[in-house]
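Can you keep this structure in mind? I'll have questions shortly.
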Amino acid sequence: MGTNRKRLVAAAASMVVAVSLAGCGGDSGDGSGPKGQTDQEVTEATKGGAVFSLETAVTQAWDPQRTYTGRDLSNQSRLVYRSLVDFPKGVTDNIEGQTPIPDLATDTGQSNEDATEWSFTLKDGPKWQDGKPVTCEDLKYGVSRTFATDVITGGPNYIIGYLDVPQDADGQPVYKGPYTGEGQDAFDQAVTCDGNTITYRFKKPWPDFPYAVAALRSFDPYRADQDKGDKSKLSVFSNGPYMLDEKGWNEDSGGTFVRNPEWDASEDTNRDANFDTITFEIGIETEVIIDRLIADEGNDKFAFTSRSVTPAQYPQITGDVEARAVNFESPFSNYLVPNFNRLTNLKVRQALAAATNRAAYVGALGGDKASAPSLSIVNPSTPGYVANPNFGKAEGGDVEGAKALLEESGETLPYPIKLTYPIGSDATDKAFAALKATYDEAGFDVTLDGLDPSGPYYEQIQKPGSDSDLIWGGWGSDWPSVSTVIPPLFDSRVNITKASNGQDYGNYASDEVNAAIDAAAAETDIDKANEMWSEVDNMLAEDVAYIPLDTTKFYFLHGSGLENYVNSAGTNGYTDLGVLSVVDGGK
Amino acid sequence: MFAYTIRRVISGILLLVVMSVVTFYLFYASSSTPERFACGPKCTPTQLDTTKRALGYDEPTIVQWGKFAKGFVAGREFPDDEKLRKAAPEQVVECPRGCLGYSYGYSKPVNTLIKDKLPISVSLAISAFVIWIAGGVLLGITAALFKGRLIDKAIVGLSLLAFAFPTFFIGLLLLKFVAIRWGIVELPKYSDFTDNPFLWVSGLILPAITLALVYMAGYIRMTRAFVLETMSEDYIRTARAKGLTRRVVIGKHTLRAVLTPLVTLSGLDLAGLLGGAIITETVFNFNGVGKLSFTAVQRYDLPLIVGIVLLLASFVIVANIVVDLLYAVIDPRVRLG
Amino acid sequence: MTLTASNLESHGDDHFVDAEEDERSGKVDVEGRSPLRLAWARFRKDKLSMAALVVTTLFALMAISSPILKRLGVIDPYTPHQDLLDYATGNYPKGFGGGMSWSHPLGVEPGLGRDVLSRLMYGATLSLTIALSAALITVAIGTILGIIAGFTGGIVDSAVGRLIDLTLSFPATLMLLALSGVVVDRMTDLGVPAGATVNGLYIVIVLSAFGWPPIARLIRGQVLSIREREFVDAAILMGASRRRIYFKEILPNLWAPLLVYFTLLMPAYVSAEAALSYLGVGIKNPTPTLGNVLGGALEYAYTDFFFFFVPAAVIAAIVISFNLLGDGARDALDPKAGR
Amino acid sequence: MSSSTAQLSAEPAQGGQPGDPLLVVKDLRVHFPTADGVVKAVDGLSYTLERGKTLGIVGESGSGKSVSSSAIMGLFHGSNAQLSGQIVLDGTDILTLREDEMRRLRGRDVAMIFQDPLSALHPYFTVGSQIIEAYRVHQSVSKKVARRRAIDLLDRVGIPQPDRRVDDYPHQFSGGMRQRAMIAMGLVNDPSMLIADEPTTALDVTVQAQILDLLQDLQREFNSAVIIITHDLGVVAEMTDDTLVMYGGRAVEYGKTSEILTHPEMPYTWGLLSSVPEVTGDTSAKLIPIPGSPPSLLNPPSGCHFHPRCAFRDKVPGDLCRTTTPELAPGGRGSSHLKRCHLADPESIYQTEVLPEIAPDLVDLLAEENT
């Protein structure tokens, strides 16, 4: 069941590991144990039936421009909101599964040479749930809403910095969104409609723009006449295969989606739309969800979840139950950053890196079903991932090596360290206690500073003058590219201001690294760019700008009445609702 | 009695005004950043600032309170930004008189949210109330009548046991074993009474028992003490001296006297619960006002927190008045003035 | 969850008098034993109360000794023993009963392998410390305000009365939850060490802040009745200062109800700590309290029932023994308050 | 009025022979086991009461006077009290009755008027309904008839506008009226015996007199036997035929009221007399309270229970008062005057040492009488 600290944290957790694409390495294969991701495949399906999604965290928003949680982005894409381009259904391979395919657009977009301008042409045929066609204006209106940062909150608003709209004195775009219409001219120049063709203009090259379109919902169309601002946060106006039923969405208990009669299956090939209805039951404790899925009674036979089995429940996942389980690496990575304002001695940082006991940390989290030690801040599922050679063995915990480095550092021992982390589940607390034990053995004196991630945690770590020495961070890339990992976390120019260090919690600032980032970001050849990113990662590791911890693993369970249960790479490893079906159509 | 009621109501209103000021200062004047939740993940400091302004958290507390008070008296429109309201009239949310504010976490007026959730909390409170009163009073009387005997010891002992284990633990035990593992009852789930009374009852049974147990424990002990105390009163001796049967002495004379404090206390306890039982609702995922308030706390949803605090306070204040009036009805000696 | 305060109130002024005891009450002991010795004599005859006294004393001894035992290394609530866990099953303890052995009599916890008994003992110490401090402060605030209100009367009395109304009108559980972010931040800014200290202090402060009104009412009532007695008049006539009257003349007459109330507040606060911990407020892991040890065990209802049940049973044992002690003390101190 | 009551009381006597005393109490003991030990509230009490006569039981609170009368009412049935001895009421030993048999006697054959009518009347029921209830539990009559009876009785005990006041609650009555209502309730079934427990204690002096008058009138009219329990010797003097003085659960002096008041033979009775100002109204009289406080019934003093407070202990040879319990036996004034005291010649001590202190003028009066 879980302490509700988890729930206090659940909301905030989405802030940290907000979203990611990236498919996930299939492991397993040795015959025993739960299935791996790549063991899953799509088979023939029968239409019909009702499926149930049991969830703990409430859905923050059904407004596409305000959505930023991986699960919700994927679900929206498969159920109700189509995009210009999309990731393919039912594919578990990381590369193929995370390569955009056309959806509303006729192709995957045309760019100019330096990738500062992208154009897409709309297909003929896609309709809204009231039968009106999806137009270029709808697309343009959708992204314009993001500029209304006083109303459209909670989404990936940073994309407004990419579009070529001039800035005002405060450094904010002069365009203030469609509601007040302030600066509309500037926006109309950045995004233009020419018949069925929409063109986006950016300030800087954006080579992987189609990935962002497929991964996020920010560029999805939105109908101006359906927009009631904040009032629309939980309403759905669909152009996908399903639509919200007449009862609507209840913010605390969920809702039911039924088939959208205006959706045309022949034209949309990326959504099988097998089941007739899907009901979201939200706000349930994780343990209860898993207990219900284990019990597999009544409607729960047709249920699935995005919550992983908790370590306490592992012993129950055996036999028939195990056959309904799948366990694989998620797109979410966790790491530690040393505070460069305080830990100025490289040897001390190196000692910390050496002493970081990933094996104990992973063990406390529940072992190899819960998490896997990692050797880079880049998630292994992200195209371009390379294990970073600077961090030694995966299990870590080199006490002797750390002791030697600390000796060399010339600091007085034990060296005091304040380790700040967001309180979460009981397992999280245990994991940090495990890290502390090895650090202390190596000559540090660690004080654990667990803070509530719904506020105090960020207050503490984002203050430039923070007294935290070591800070936990978690990250999932916004779209499958290293460019959404390293720059947002270590580019001091976008992060560090007088008041805050943004997401550069360690206050890391290196002109060298910044220059290398610029070079990699401008490279339009993806393979070449990945090599350059890998070099940047090495530079960071040499400075010990971060210490990798682990990759969170998903351990999902679903009811026995479901078929074609696939955790696609394109749906962030969550259940791909584009292929999911009910055994015999529920008959 | 009328004048008394008016006087009590006026002092109750004054108390609520004071409470609203205190609550505002406790929450709004604090150093926390309520806008962070609304701003969302990967929020830059500038966006945080924009959000703060949009939510009106940048204004002095007293100004925010003034808006709240004005909204309560005269109604209010959201969003707060007048320019935006004018530019985008379709976004305007009317919050009529009695307005408790607008929850940015839920994007709904606080009043709407409370109105939606209240039936759930009220159902839970009332069904628990029925169980604990029936069980508590019956068992309390039984224990008193068999004072010192085995049955008395068993009742008192068990009630102490029910009281000693934390509510959430008992709730989880019931949920995990009785409902999920053994499947003796359906998974607790709220259904509207008007939709299906049977489902309403069966969905409520475990949470209601959980909530009732701890109260029942208290009421058993209280009833037992009241009965014993009453049975030692002179007028009970008089009743016996008249030659009344034991049944009449206990069933009429004793119970009539015990009724008075029980009505008072249970009225206040019920009022305290109408506004939601945070732990029970959380354990059983009942989306009543209790869980709503818990969610509000998790999200730093200040208008929602303040609204619920004031609503619950008004329940308590009203209950106090009602109980005092009721007291005057059931106890002929009491005269209000 | 309601703090038992409301129930306590009604128990406090029960006085059920049996017909036979009516006769007895008239008698005054000719041997002149002190009331305290009489109460003790009565208390000693009550087997249940004596048992409760023994159990609470054991808990108290444990609470006092476990920091010492921790320093001596006899108990160790923090060191992981992952070697005792089975990595393949998700780091469950190897062996019988959750890894029970001579060095870990109650086994080790899954995941990290910390000693369960040590965590329970040290956790009980912290929970009892919190409960004790909160109960002391609650009683202190209630007593001081009650005495002042009862003795001064007039505006002060009605001001205290309004303050009581105000405090009681706040939904306590919600306030305890909602204020935690705000107050903990504030206290950290004021320099209270972050982590267990500030979180523990928060619990103590808010429990006291919302717990005092019933005591103030009780004491005010007692003061009003004591005030009418001659010895206070005498003290006033002899020119005693007001403060002297409060503390020298009145307080000694209040200790009996206060003692009873205090004994009953302790278990209420131990439960409150657990409930708040469940809701995410209070001292956090790794520092153990009964609340967060129980919170960490809740997931194991199916897979390790013993680990799941023991912390709750310890809480229940504390609550029951302190309640019985309080009941016994009340019966002994005021034989007319019957049960 | 009287004819109707005669009718109602025309029930077969339960084995009592005409001419036998209505009530015979023999060696009554009422003991309460408590956590601290056995409380001997009444320890070996004996007395008799004839029809139409009045007995006064006097003593301090805690002397056992109320307990003994509660025992007659059978109020200890079903409690943990241990009763022994005999209480023969109209030929029936009520200690041998089962509770339901006893219940039928209560209120019908023997009724009780309690001290402090405010607490003895149920606060939540009207006075009338409480009287009606008392009537109907023993008589199968309709509510209407019972109500008439209640109004009649309220009228008889002197409640003005009884048809209106019958629906009032006890708290709406004055103290005296409440006691009158209490008496009405006691008399409603025309009992052969009435026990009045401190009927006037809670009342102010003028009302006391009215109530006592009323009681006397009614006794004459209904021909009931009455036991008046009081600590007020004035009441005893005015109302009673016989007097029983109780101390520490035992009778210490028993005899005709005139005898006891004029020739008391027990220092405790002297003490009682000396604490009563209105016996004579003599201004030169001293009020001499009895030193010390009542004895513990749990742990009573050895020998004579009164010895720790007795001023005349030195007049008894040896340590007799402390070691030996005196018998309740005739003293120097004949077999009908019993006392429990070791003093050889209490009469002379009273005359020479006590009386001059408490009632100087009475000494002369007595002297005249003796000559």
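Should a chain be cited, it is by its letter among A, B, C and D, assigned in written order, with residues numbered from 1 in that chain.
Following the convention adopted for this analysis, contacts are C-beta pairs under 8 Å (C-beta built on N, C-alpha and C of every residue); 3 or more make two chains touch, one makes a residue touch a chain.
Every value quoted in this text rests on a predicted model; they were computed, and no experiment measured them.
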item	value
Core chain by centroid distance, with centroids computed from Cα atoms only	B
Result of counting contacting C-beta pairs for B-D and C-D, higher pair	B-D
Relative to chain B, chain with the most remote C-alpha centre	D
For chain C paired with chain D, centre-to-centre distance based on mean C-alpha positions, whole Å	51
Centroid spacing, where centroids are CA-atom means, of chain A and chain D in whole angstrom	91
Chain B and chain D, separation of their C-alpha mean positions in angstrom	55
Mean-CA-position distance for chain C and chain B (Å)	24
Junction residues of chain B - those touching two or more other chains	32, 172, 176, 181, 237, 282, 294, 300
Multi-partner residues of chain C (at least 2 other chains)	18-19, 21-22, 181, 185, 278-279, 298, 301-302
Of all residues in chain D, the ones touching two or more other chains	70, 75
Contacting chain pairs - touch in the sense defined above	A-B, A-C, B-C, B-D, C-D
For the chain C and chain D complex, residues of the former touching the latter	18-24, 26-31, 41-42, 45-46
Residues on chain B engaged by chain D in the complex (per definition of touch)	233-235, 237-246, 248, 253, 256-257, 260, 330-333
Complex interface listing, chain A residues touching chain B	1, 4, 7-8, 11, 14-16, 18, 58, 60, 66, 68, 149-151, 153-158, 170-172, 179-181, 227-231, 233-234, 250-253, 283-285, 288, 291-292, 295, 297, 454-456, 458-459, 462, 488, 497, 499-500, 502-503
Partner chain B, residues of chain D touching it in the complex	70, 73, 75, 78, 99-100, 103-108, 111-112, 114, 116, 119-125, 130, 133-134, 137-138, 169, 171, 185
Complex interface listing, chain C residues touching chain A	78-80, 82, 85, 87-92, 109-112, 114, 181, 184-185, 194-195, 277-280, 284-286, 292, 295-296, 298-304
